[in-house]
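Here it is, the structure, as structure tokens.
By written order: A, B, C and D. Residues from 1 in each chain.
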Amino acid sequence: MWRYIAQRILVSIPVIIMVGMITFTLVYIGPGDPAAIIAGDEATPEILEQIRADLGFDRPFPVQMGDWFWKLLHGDLGTSYFSRREITELITPRLQPTLSLGFQVVVLSTIIGITTGMLAAWKAGSRLDRNLMVLAVLGFATPGFWLAFLTIWIFAVNLGWFPVIGYSPIQDGLFAHIHSLFLPVMVNSILASAFISRITRSAMLEVLREDYIRTARAKGASELSVFLRHAFRPSAIPVATVIGASIAGLATGFVLTETIFAIPGLGRMLVDAIVRRDYPIIQALLMVVAIVLIGVNLIVDILYAYIDPRIRY
Amino acid sequence: MTEPLLKVENLQTQFRTEGGLVKAVDDVSFEVQPGETFALVGESGCGKSVTALSIMGLIPNPPGEIVSGKIEFNGVDLLKLSGREMREIRGSKIGMIFQEPMSSLNPVLTIQSQLTEALRIHTDLSKNATNDRAVELVDMVGIADAKTRMKQYPHQLSGGQRQRIMIAMAMSCTPQLLIADEATTALDVTIQAQILDLMKDVTEQSGTALLIITHNLGIVARYANRVAVMYAGQLREVGEAVEMYTEPRHPYTIGLLRSVPRLDSEKGTPLAPIAGEIPDLTNLPSGCAFSPRCGWAVDKCFEESPLLEETSSGKKVACFEHQSVALNVQ
Amino acid sequence: MWRVRYPWLMLLLVSAAALAIVACGETETVIQTVIVTEKGDTITVVATPTATLEDRAMAAVNAKKGGHLRVSSVGSVQSFDPLWTTASSTANVASLILEGLFAYKEDNTLGNMLAESWDVSSDGLKWTFKIRSGVEFHDGTPLTTDEVIGTLRRQSERAPVFKLVWESFGPASFDDFIKKESDVTFSVNLTSQTGLVLDALGPQNFTPLIVTESWYSLPATESAPGTPIGTGPYRFESWTPGDRWTAIPYENYSSSSDATDGEAGAHTAFFDRVSYIEIPDQATRVAALQTDAVDVVQEFSQDLLPRLKEDPNVQLIANPPNRLLGHFNYQIPPFNDPTWGRQLRQAVVMAYDNEKALLAAAGTPDRINLCGSLMKCGTAWESSAGMEGRYYAQRVEDARKIVKDAGYEGYTIRVMDPADRQPAHGAAQVTREVLEDIGFKVDLRVMDWATMVQDRATPDRWEFFHTWSGDSVRTGPIGHMRFGEIQFDAWFNHYSDTDGTQRRIFEELASETDQTKIKALMDEMQAYFYEDAIFLQVGEFYDNWAANKNINGLHGNPGGQKPYDKFFE
Amino acid sequence: MAVISDSSNEWELAPPFSTRLKGMFGSTYRAAKRDLVLAAAISVLLVGLFLAVFAPTLARTDYERTDPVNRMLAPNSHNWFGTDNWGRDVFDRTIVGTRMSFLVGFSVTLISTVLGVGIALVISYFRILDAVMMRFVDGFLAFPTILLALALISLIGPSVGNVIIALSVTATAGKIRLVRGAVLSLRESTYVEAAKAVGVPIPRILLLHILPNIVGIIIVQATFTLASAILAEASLSFLGAGVPEYVPSWGNIIATGQGYIQVGFHISFFPGLFLTTTVLAVVLIGDSVRDHLDPRLRGRLKTTAAQQ
């Protein structure tokens, strides 16, 4: 087991390095002279030269990249062009909204997705199954930002049940916090759970065709036990994979929903940085997101081992 | 003869598929006596597994459905039982072993939890008692180091070991009937015999009747008391196992026998595979389903389907020409 | 930067610099400049306060303290250092946390803030200022002249009026110019007389707002890190970048003993907490006000006015008219073309659909005013000189011919389009159409306001952009004109007065006292403005702010609402 | 032993590509005749294609020009979907917006499929190239598509071409991983071994024996790419990283309406409806193509039927 985990971690390292190289190169070859951006309104050629030398922009590409990696290893994500502040300092207060949103969405969408997927598989071919799957396909096809628009229009503008914007931090009370995030959590959960539901259903149906399910039935196991005890865990691997993948999807979803709902999270930070061409922030956030997703994949890999003893040994 | 343990009467099981209606089991009747070993023989796709699943009540519906007939077990018609009542019989009164030992055990559950499941469902034994019983069972099926096996997973066992576990599982509640559906087909030849011997042993010890489902006539000869030969969903010949070898009465049985290499045949005797292929069950030939492949077929065979009739020797045959076949074979 | 040759020209430059602030205003800067010129002509356009001073004083006495004021700020906070940037989001800091030596009173003259009194020597060359004692910074440091002088030193290169006074009337060395006399007094030492000393120390672009050593020891071009520490009624509490920042009353605030008058005098921090909340989307801003998520909203889609008027909990504050402008880049082609530049600029002006642009910027016809005069419309200075055939002429065909003859057909004009600021965003849409109609190609570069402010300082990133300026209170004909941005390469468009006409008119204006002649000169100036097509004058539009009805003390003021002295009723 | 006539078709060489392709379209067509939903989905896509090509000529207004006098009109007999904040007809903008979605969607699908399949086929036979390329692929796939596309566009500037390039990058990486996996597993299969044994050259094996067998996967994946590219384009435009605001694109129009949600619900609603319907149609077609084409699935259905 530990060997397996160690092996998975080792496998992720080259991916992280690759991700770093891609991120750095993108920004390096991108337009815009960072020195000019930093110098601002009153840049003379001498000042520009000075800034370039100070920040090491005059060194060769590999050296700069090495330096960037070295700083990254020490938790130094660089300095924002726009606000001239340490990016780590800018990111820290943005973590709570995004993490809280992410946590709620993952939990909720997993519960909704697995429950409906199992219900559909349980009643495969029934009207319930068909209706659930129509909803799932709809959820898959609906753009999140439009769904967000519709929910705001219905629940915030017209019914006034939820705030249109705003984020109430956890410190200000858990209820207010959940209330302020309710719509974005719902929108993202509906979309993510559609995907999870579809996969759960097909994975369950696949497993239900397996011989060992027949064996379980031959032992006199009840349908419920067959379903929960025998079929669920083996089908959990594709489900875990898709939950992992839906977290990657959430990264995208949050960029959109945080913008729409004005939640001061990492997603909106990225959009702001892109509008302002604040490349160090773009670079840092891409890197952070990629590392988080690689971490998620690692967790999913470890879950595989937990779910399936064949992988464990 | 005593009251039969299992009495299948005019069983008809059908499947609705995209290609049309498949009569997988068509009017099949046979009896299994307590403690006896009964074999159901036929090529793949002839309906023998469906017969077994029909007895177990495990026909997936849809697309499958038992259209008519009776399956009496201890005098009770299983087809009339509720799902709950049927579950009480499955695993406790009737055990079943399947063809694929590789895939018939749940890969994510420990041997112990799978072995004890039937006991937990059907008995009131304590957890410790079921665990002890599981160890006993594993010992019984001849796997060494039973205690450590309990915590292992199926993929850590060999194919033969897994099939032993399957037997242990099926026998855990000491059923009255054990159905072995091609239980040895997927195993190495050397292991096949061990597994069959084991099945025979454990069933004999507990007085359990054994219903062997196989395409392998060699197995039948050695282990079965009585045999039923099945072709295209119908029984073609039913009788004592020994007679089946010495006095086959159906051309299909003969064909099957001839296609099997035998140690007692003279060297150089060529095998004679049955010509042609198994017919499409959705589109059976008119008349006797075997007629297109049959060397004895007469005109009538292409028009009418023969029924299973009792012959003078007490066995049953479904062939218009069984008498001439009998003469020929002698 | 500019060179100063004639003393009287300095006045013009001062006003120009001051106007640069206001013109690029767009509320980017909150500073209002009042220049009392030698001629003393004053035309004051004062936003009418909703209540008289006495009323407000009475109300303040009865005011309940407390509550959390939430202001929806426009734009994202880039820096908390108003000594480094003029962004309006940063200027909010100044209004709460930092204080300068002087501030504007209701009558647009300077009143004391941190300065308590001053003396002028008989020769008029040594000005001695006494600062208020007992004032402390939010970190407990007592205010001394060290902080004042340090701050002035940091701002000496950037604060335009200060710089001008120092360069033209002061000694070469800063240490000779500003001298510490004691912990509470310092002196300004001149080499020749000027009446601009108070203005040099007072509100301007990059106002010297007094900060502690950690900030004033930084170079002027470097944004101060960390959070602001000042002497104001509120102190900084917390900041969530991209979301909000919050201030709370400073318990040891030492208020001026002068009566509250405009932004000067005594201040009271009535609110328990003041937050500036960033809401990038304007629909959301208004929804936030209506659902009581914020209390004050600036800059929102005026389409929502009817909805807000119906809302009994909302008060609307009408602002004085804004003037919508468009700027050419004089540093790169095509508008700097030595032979065709002027005609190409004229082409844009003559083809322009001003009404459409104003509508796109402001919404409905009742909120626009097709005003082509450089002087404020509706005042005595309003003029139509030079407008004939140029302002709102829509001569697309003529313009197209010019572009074609100049050989710039199909040339790509990069128009900066700040999508988060409706007036400039709307105008940019119409500009694209006009420029395309007359034969250019257009690259509409969508960005946010903060980026545009950054980019317009880099000449090779754009050819055209729109701004608008809130008309704030100014005095004098020069102060009244919007010539800040065209003065001598001083502003972002780097306009250069190629044939010297500008300069000549300015010189004459500076020495003229006859009102009729001034008017004539103004007309000449405007005629020349249209002749040279210095920038695109689109017209005037009106907008509103909206606020929670129970906030007392808000009034129309494009410079921004100061949260002190206001309170929840 | 008795004869088991369970013929394994592993030894059969794959049928010619054209036959398989014909079979696919044939079966899809037959399925569409039976399946109302599929028929509807195909019709939606065809209508979309028609609009993408002809909408600019069908439009009755100058949909890129502002007309502030007629701003924010509610849907009426002339402006069926109302007008937006600058008085542009939302119906015209919406139908013309189809063009952007389809252009980006189909371009990305085509580019990523051709490149992805090509690269995957080539690298599957060059071990070192494969190792290097796959690290790149892993790297690119570690980023969420839209985030990487956003970053790319912020670097290379917003335009249709750049949107297509940005979205093709990750789509291609995904295709390479998928196709390479399929090629590697097929390479081990008996019929490819057999072909190799009789000396068929590698490019020929790739094109004649391997490619036809992964066509099913590729087509199913392509429908998925199409759906996600259309969604991604809309998301990018919505965030302002797509085509300029005046050029109609569903994402653009929705973004415009977002700012007027209290008074201009119609602006965002209709293009969103178009977008959802289109993506839904593509997803449904993809599902049904998969059900009808996926040999694995089809095989399974057959074997289960046979077992029973």
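By our rule, contacts are C-beta pairs under 8 Å (C-beta built on N, C-alpha and C of every residue); 3 or more make two chains touch, one makes a residue touch a chain.
Source: prediction; values computed, not measured.
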item	value
Leader among chain pairs (count of C-beta contacts)	A-D
Most centrally placed chain, judged by C-alpha centres	A
Reference chain C; chain at largest CA-centroid distance	B
Mean-CA-position distance for chain D and chain A (Å)	22
Whole-Å gap between the CA centroids of chain A and chain C	42
Distance from the mean Cα position of chain D to that of chain C, given in whole angstrom	51
Interchain centroid distance [CA atoms averaged], chain B/chain D, Å	50
Per-residue multi-chain contacts in chain B, two or more chains	none
Per-residue multi-chain contacts in chain A, two or more chains	157, 259-260, 275, 277
Multi-partner residues of chain D (at least 2 other chains)	240, 258, 261-262
Of chain D, residues touching chain A in the complex	135-136, 138-140, 142-148, 150-157, 227, 231, 234-235, 238-241, 251, 254, 257-258, 261-262, 265, 268-269, 272, 275-276, 279-280, 282-284, 287, 300, 304
Residues of chain A touching chain D in the complex	14-16, 18-19, 21-22, 26-27, 29-31, 137-138, 140-146, 149-150, 152-153, 157, 209, 248-249, 251-252, 255-256, 259-260, 270-271, 274-275, 277, 279, 282, 285-286, 289-290, 293-294
Residue ranges of chain D in contact with chain C within the complex	65-69, 71-72, 85-86, 158, 240, 244-246, 258-264
Contact set on chain A toward chain B in their complex	125, 210-212, 214-223, 229-230, 233-234, 307-310, 313
Contact footprint of chain C on chain A as seen in their complex	36-37, 39-42, 82-85, 89-90, 93-94, 156-157, 160, 163-167, 259-260, 262, 264, 268-269, 272, 275-277
